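Next up, some structures in structure tokens.
Common to both upcoming complexes is chain A, partnered first by chain B, then by chain C.
Moving on, here comes the complex of A and B:
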């Protein structure tokens, strides 16, 4: 029966092509990774003393933005956008730093769990508003960005508070080998236990589905509203993780949102996630964050005005995305 | 109506649905027995697709009841319908483009082995499940969609124009699989515009017209005519004589310079070597089944696409249209079927009408509002636009919106008007008004090129018509001979001497349902001609 032989054939055909098709599907991330390697080599060239310590520093400073990029990627893949990520990070960060100040390590664990729960709640509020009110997500999350930022200032009008020591130890310094920054391990663990099971779950599939073609998803029986809601909840959770990492890496809580919201959008675009939804993953954006950060570092080494570094980040964003779409257009034509 | 017994598998009664001012379904009823393949027939816009969407929970009805196996139920979502055994394969495949086939199966919780089985039955056994949907051809997607629906063994399977876009060999497999489901416990609702398929696999047919069920017919030898009769209804008679009478004008005097002419116009693979002349004072009809290249022709003439070869002559002089603005400057103005393409929906009637007019006056200074107002008022009066809700065009009815798209060109004076199915989805009264207007424009010396999916319009409005098939002009018909059945025969390129390439035959698939009934009826009346059959791409 051909029905029986067909899968066997597919498997045989797949074995050889599996690596190729995997490569093709992740071409953007791989290309970006190659770009990062080139940049690291360049960095080593212009600054021969660039070694384990700066790499650790890079990882620590990149972690909050990397998690913010993951948060943004999760919602953008589902066809939405969240402009309140930076504010949610600020709020969770000050709540964590304020609650932990002068407390025991054990209490710190409770605070971390509480803050993660807070992130879920913030995301749930965003998600409910987006789904129930049918106000465009960009408007809802922009408005909520002000609300959450306001709350952050109510909790603590000025930077302060103190992170418990173990939390700081999670992201600062190396682990095992001096070349392995703890922050990188933390990031891999976080993404490993959240993202990878997610994409294999029905929820993950549904998120890609609603981002790719909402009507087809609806007709395939995907509960569109519920999926969008959970998408925002997940973004809230990752924002809380980003806020916690901010507190961990700086040791304090800062109530004023950093540039994280727009940087996360930039990283998502640079990381190969389609702003129209449905395409991309979180690894691309994470690599993109490191690239963007490394540009600044290199500019410093080259003694270029640091403000120019910001300009360079913008130029790279446009340049890379432009080259990327040119390649895609070429491929589509051939 | 046949008797409706209680042992129906699916029974829908008095289902209605309106979208704003548009009545999609007035009162549709449908009763499907277990084990039958039931055809759902109706002209373009009769409400077939809406009814299917309601049955599968994609759209909520405003009224009416739906009962499955005698029990009344409300279906809220496609997921719910699926669990209740009602599954539909839509005209656009409900597959997620960015996922691979396997992930799409997982999304609908479809078991893989039965899916494989049906895929093999449908002739796609060697499909790679890890291929991304975005990269697959439409025909394969439709087969995948069908196999996915079959894999969960639905009680009622609804196929909306399933065989459209399928090559002949796949169509055959689909019909075979559908036909084999007769006599069992489960049923199929089959929507198709191809009479041959209906005759081949269906037991009964429910006919919809303008959102109402107008009859249920047992599909037997010779029932096609009855079906067509029901589908067409009395529209022909309802068409008011007010349409300004028959076209009386004709091609300009011999030797006259055509207002618009094309020579060997070619665009990509869809349009080949199209040449025609359009004279001032003439309405030239373009007749084609869906997807025969008429879209490309109008795109090229309107300047939105560049031809790959050929020439466009306006008043005898070759023009190069690189942009719609070039076309407008050359006097070629375009009226699209889709009003949303042409109008600024959130703006007022006034602004919409004035837009091309003010844009044409090449003047960056302030707009002369007084002059604008008079011009706009004239246009509104001339087209009898009901502008009570004129603050935002989107609040107007479809017919009035279409009048606005025409008015915006009329306001500036018309040389040549390109109308692409301007009366699609418009009520009969407005249709008549638009016909009168087109005739008036022609009488005043304008040239009008009119593509219409309603063949009845050709005789009412046009002086002559060209027929396009497979991207080529295959016939020219004078208005006097342009009755529906001869136009349809021409549109299907049904001439015993014409031999079609296989792929062109497969393209006849996307015919407008309105058009579909007739050829088979014609063929049926004249006794099925064996040379006609294979040309329809199936059997």
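Moving on, here comes the complex of A and C:
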């Protein structure tokens, strides 16, 4: 993996090489971006009428999974994993759609804040269990996936509810220029006000530290338990945001979790976040989600059996991870 | 040169991914196509005229006077006979009509948000009409409005959506239950006890069927319903249906009933009765292959009297038929009694094994070569579909 965050490398590169070193640290994301540009050009080639409206649709479609990928990235960077993201999305989504049904726009604001708080609580429960019980996180979050999905079905046994109009308007259509989808702006704003301050904070540094080497972090005075706890709380928050975006795009709440948990893991891996922790960011996974969605769209344009799109996504995933390890091996040798 | 190596690595990444995309795009095979078109099964009610275009149009569909591009979206039940038959009949109708140059099917298990993105992809593809089996009555409306704005006709099959511009086409489930219940109560002379085996609690089709069953019940006040007034749910799960019947027989209550109304799990119910060595009572169920086979097999199921009510999965094909009517500007007769405007309700048909004529009809449904036993048998819908049963089984769309 190339997105190394170790500050030592930046120092070695010197002042003149700051740009180069930035490029090197983000090589994976830049490479994915280049791939996305190639894919967009390919899409335009096979479908000449691909224009602003499909791009708006693309942004709306990727928003829930992009936020789920951010949620997963945050916890994977800290050396953990959360298999309950899809269930937390389902629960927050049904709570939001149910609470908003027949209510005013102002009440909708209160519901959104309440649901974000609920996300923090769900994440705190996950985090507490992981830290206090010392049961492996993969087991805890797998079990909690059933618990949260069960709660979602208790809130609403069948899909339904109704989102307030302003929430739905937030993710559909353009803003200002027809090429700027609202959903993309929403995503940039969300990540901008949460992730960017986070990585610059003490907590952000601690998350990277416990992810890359938990023992070393502990010996350097990083409060490992507390950091892991807050890492899961953050994942809960981003899961709630993802759940809200589901409610916003469909206008309803669906109690049965969608395919978001495993897709978020796939996006995180494709986005250059090491499953061993400590490496990567959230921009790579977001670009990866767009790439995976475009693969599906192109398959539709080419009239390919849709089941093959899933196969292609898997092949891309394993291909990328293979190439990633090859690069790493070459690095280690040189 | 470390940097150079990295650049090469990225190039390889692009190459692998492009290769993956290219590989899968070249393999456009459709599933299950073992049935050669044999016209010996002409006993089915398809008008003879439909044979002609099927044979000649296929390769030169684009040469026809006016052709359309149609998109088909199914968001769940991949592998379920009912949904598979929908998709295959849609393909068959697109081919047999000779008016469809390209049918793009997106057939996968997903949630409402996923189906929203599928419909948006079809809009971006520039199809003339989108036929879809909705994952939710309300959630797809934003994309359906976008389709309408783009001048695309939208047709919801198998269930309705609340978008006012979309046409809905589905089986009349109230009528399905009423027809079967009425036949059963008539068989019992309007007096007796009936075992009421239902589907999935809360599912709209199950709720509609309950309305129809209760409507018939109101007309026959001397009929008693067991195991409870609201029946027993199978969840449309074969194992649950078998378990329900086994429990019912073990409790000794089976010996007191005179008939069975079943919501699609008739085969499992009949098998449970046979396994317990009990005498059959009249039973009414849907036109599923396994159940109809039992009705036609007096050797293994002696004395089994029953009726099959059509619950056709050919709504996929009929949806494509409706799309073509709308695109060609033809008038479409809608049902004002439906809960939504622009709704076409398909009327079910009941056939029993009590007469030779009934047996012959059941036999004709059954005799389609290569038909999957999990598919409902009513492969065609009069007035809405043009393909032959063989074309539906072949599951090939235009250009495949």
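Going forward, the second predicted complex is superposed on the first by the 320 of 334 C-alpha atoms of A that agree within 3 Å, B and C clash if a C-alpha of one lies under 4 Å from a C-alpha of the other, contacts with A are read in each partner's own complex, and residues count from 1 in each chain.
As a convention for this text, contacts are C-beta pairs under 8 Å (C-beta built on N, C-alpha and C of every residue); 3 or more make two chains touch, one makes a residue touch a chain.
In this text, all values refer to a predicted model and were calculated from it rather than measured experimentally.
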Quiz prompt | In the superposition, chain B vs chain C on chain A residues touched | solution = C
Practice problem: Considering only touches as defined above, state whether A:327 meets chain B (first), chain C (second), both or neither. | Solution: second
Quiz item: Looking at the overlay, what does A:309 touch: chain B (first), chain C (second), both, or neither?
Solution: second
Quiz item: Which partner does A:31 contact after superposing on A: first (chain B), second (chain C), both, neither?
Solution: second
Practice problem: Could you say whether A:216 touches chain B, chain C, both of them, or neither, answering first, second, both or neither? | Solution: first
Exercise. Could you look at A:142 and tell me whether it touches chain B, chain C, both or neither (first, second, both, neither)?
Key: neither
Quiz item: Which holds for A:57: it touches chain B only (first), chain C only (second), both, or neither?
Solution: second
Quiz item: After superposition on the shared chain, which partner residues are touched by A:198: those of chain B (first), chain C (second), both, or neither?
Solution: neither
Quiz item: Looking at the overlay, what does A:175 touch: chain B (first), chain C (second), both, or neither?
Solution: neither
Quiz item: Which residues of chain A are in contact with chain B in one complex and with chain C in the other?
Solution: 2
Quiz item: If you look only at chain A, which of its residues touch chain B in the complex?
Solution: 1-3, 5-7, 9-10, 13-14, 21, 25, 202, 205-206, 208-209, 211-213, 215-223, 278-279
Quiz item: Which residues, counting only chain B, touch chain A once they are in their complex?
Solution: 56, 58, 77-79, 82, 88, 90, 92-99, 103-104, 106-109, 113, 116-117, 119-120, 125-130, 132
Self-check item: Touch list for chain A against partner chain C, complex
Solution: 2, 24, 27, 31, 34-35, 38, 47, 49-50, 53-54, 57-58, 60-61, 64, 157-160, 162, 168, 172, 246, 249-252, 254, 256, 258-259, 293, 295-312, 315-316, 319-320, 322-323, 326-327, 330-331, 334
Quiz prompt | Residue numbers on chain C that touch chain A, as the complex places them | solution = 2-3, 5-6, 9-10, 12-14, 16-21, 23-25, 27-30, 78, 102, 104-108, 110-114, 116-118, 120-126, 135-136, 138-143, 146, 150, 202
